[in-house]
């Protein structure tokens, strides 16, 4: 193990390049993997188009094979080297904890379907989940930090709004079910069915596949549409004030140590 | 009455656990009732799906029976013990006032249909109204307080926006009725009918069941859609500034031990 | 004229009760006229429903006749007494200026159709325009003042956004016309026709009567829908900052003369 | 060249009147060109309506011919005189740089189709692109400056939101493709096809041509609609705080002659 140690450390740092070290090889590996993820996503999208798949099928299969080898190797190396991380330093328990961490699960979810999809339902499309890995780049994007920070800060308010939305949806759909189910038993035939209308109305998507036809139903629908817009004004307002707060704190932090340039007193 | 008094006080505190006292029995009763409300709502939803109801009908009937006993008992105990509350301390007038209070009416509305629905229209679905009781939990959720506070504070502005919206809807629908009723007498045949289009357009739901087909109607519809979006920007703006105001006051309250820069006294 | 003068002054004050004087008769007249306007609007709405009109036609006709007498009398009295107002004090020029003022034009528009609609197109529905008069009540509603003030203050920004929206609509519709007119000549047959799609997409109403079916058209439509939402975020942001500004100025005005309670220095 | 120089300078200043000089001829040329651009746009729109084109075809052709001569002359004069601008002062390289500048490309795009469209696809509609030139007027509109400034300032945050939106769209559409493609192979037959649903749902346009019919698809669609609204609350919040920030800086700039409370010096 003493001989392996330095090599494992190096592998660990290469695979976790965004953590600090920024040698050429680390950066190249990082961008190579991100590029491969993006190309894989593009392949998944293109392969879903029958005509394109029919034409380039061998190429897609080959590319998938190669990238799966790379991703599987990456995954194996990650699990092997994760013990370099303090949080996962215990050989067995640490590795298990790492395997169960969100990012590692995403990686597993992206390669597992490939090995399982022999004759079964084709789950290879799950590779697209790997796209979530691209979010890693987020680490370099300051603007995303700000947005993430504001959302996290206002988490409680946003979740509560979501809760009220859910409650409202349930109440409104039950009411609509009573009103409309007789006139349109195929579309408002049960409360879960009616909820599909409820979401479409509250969010103002309004696909147009379900809508009330009775006067009472139309009245309720109108009220709900207005209420829905009001309800969605709340998170917007919360976020707006959150961004303002964030900005003010930033300015305050920048202006913390200002002094009068004439007499030197702190202002 | 002297012997009953302590017991009634205890019942009162158990049923109004959120008011202060937090013994184990109070908390258990509180959460048991909330759970029963949620399960009842789930039952109502599931029972509305014919296939599920056909299969588990006896279970649903039994569960409803039991919960109705519990809710009726709860209601009776609430009416009986409400005189412990200062606001309702007079035996007759106080109890009547309590029965007519919003929360008690919700409770009554939730159990009454059960007793009335023998052969009549099945109103038992109104049990779902009990969900509003869940809002009681809101008392523990600080974020909901903030939102509620901001909305209450901006009540006047929000109501006025609603009023303007209503006025606009009436005017616009009358105009559209003149323009479009000849081309589509089945959809724009009267002003109330046209209002259904008006709401769908102003709120941008746009189900697609009614829309103008004449050039003039399309022009008016376009103007209204843009106006509608502008109109809904107003409450959003109001709420955003309301949340900002709330935050600033909070910060100000936290910073309230500041001193006069001239004499050094606490302000 | 000397004998008429005091009477005319009184009439003027009664009809413009919201300007200052608040005797019982002034308030009664004010509310009576507002009620009559609202009832007239309700009548217009109900009369548009054929079945209701068939049943209560004589009543509607009678009510309309009476209210038209009242409104005509009110209009005549207003024109006659308007010279009491400083702005309109010259007998001929002043009265002409008054007749051409927006509120007086609304009043005229509301009674004129009644006298013109003999055999011609039935324009009596224009009575609904009178509803705009209800906005007079706005004078008493402080919240509407605040909203109006903020909108007026941000007028330039809001109009500019509208202008950009219009320009965008023209460009996007022309582009869509090139892309889609061949595939759907009935729906995207000309640029004005395509604009109907443009508005529905930019405002996210999406009735669903027109939508692109070619891949290029769908791509453009997607971009426009996202752009549209972004475009409407601008006025919302403008109004939000406008309301915040308003609030801050109000607070500043309230706090203008605060002094340190200990040493009396202005803070 | 010495003789030509003063004339070229004059031409340059006339064509770039908004840059500073404001003699009568400069202003007249400026407004004449803007008017011609607007009339050209109006012509393009009207010509797209078959019935109007059939009637006024010769007039449209004539007007187009004249304006193309004017625009071509304008373009030639701009290219010729652009060397007066410091950035483009080198005869060949400078002119090339000018020709490749965005505004010059718009001008070229607007006249080129006219010369190319002999028998080929009719691209003359591209003249409408010239409308972008109208944005030049923006230089005089202060409100547009403010909006543009705020957007530029929040560029990073807005772009990041767009990026997250794109990522989300890809993930969600892939998931929906798995869920729904079997039930509706014609509408959810490939991931790019499914993206059309994704955009319509995330932006709440909801045309209604594609929507899920399976319970799982409806559930995902509901989640996405709510998420979409939340996602669009972010740029609104960002812009709102941006406008507030802008206002505060402006106020601060106006109040910049404040004095130090300790020594009385101007700060």
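Labels for the chains are A, B, C and D, by order of writing; each one numbers its residues from 1.
We take it that a residue touches a chain if its C-beta (ideal position, glycine included) is under 8 Å from a C-beta of that chain, and two chains touch if they have at least 3 such contacts.
By chain, UniProt protein names: A, B, C, D = Potassium channel family protein.
Since the model is a prediction, treat every value here as computed from it, not as a measurement.
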Seminar exercise, completed: A CA-based fit of subunit A to subunit C gives a rotation angle in degrees, as a multiple of 5, equal to 180
Exercise. Copies subunit C and subunit D touch; is their interface built from the same residue numbers (over half shared) or different ones?
Worked result: different
Exercise. Cα centroid separation between subunit B and subunit D, in whole Å?
Worked result: 44
Exercise. What is the distance in Å between the mean C-alpha positions of subunit A and subunit D?
Worked result: 31
Seminar exercise, completed: Check: subunit B positions touching at least 2 other chains come out as 192, 200, 204-208, 236-238, 240-241, 244
Exercise. Mind pulling up the subunit B residues that touch subunit A in the complex?
Worked result: 41, 44-45, 48-50, 125, 128-129, 131-132, 134-135, 141-144, 146-147, 150-151, 158, 162, 165, 192, 195-196, 199-200, 203-209, 232, 235-236, 238-244, 246-247
Problem set entry | Residue ranges of subunit B touching subunit D (in the complex, touch as defined) | 204, 206-208, 236-237, 240, 244, 261
For this session: Using the touch definition up top, name the residues of subunit A that touch subunit B in the complex.
Result: 156-157, 159-161, 164, 167, 170-171, 174-175, 177-178, 189-192, 200-201, 204-208, 211, 215, 218, 221-222, 225-226, 228-230, 233-234, 236-238, 240-241, 244-245
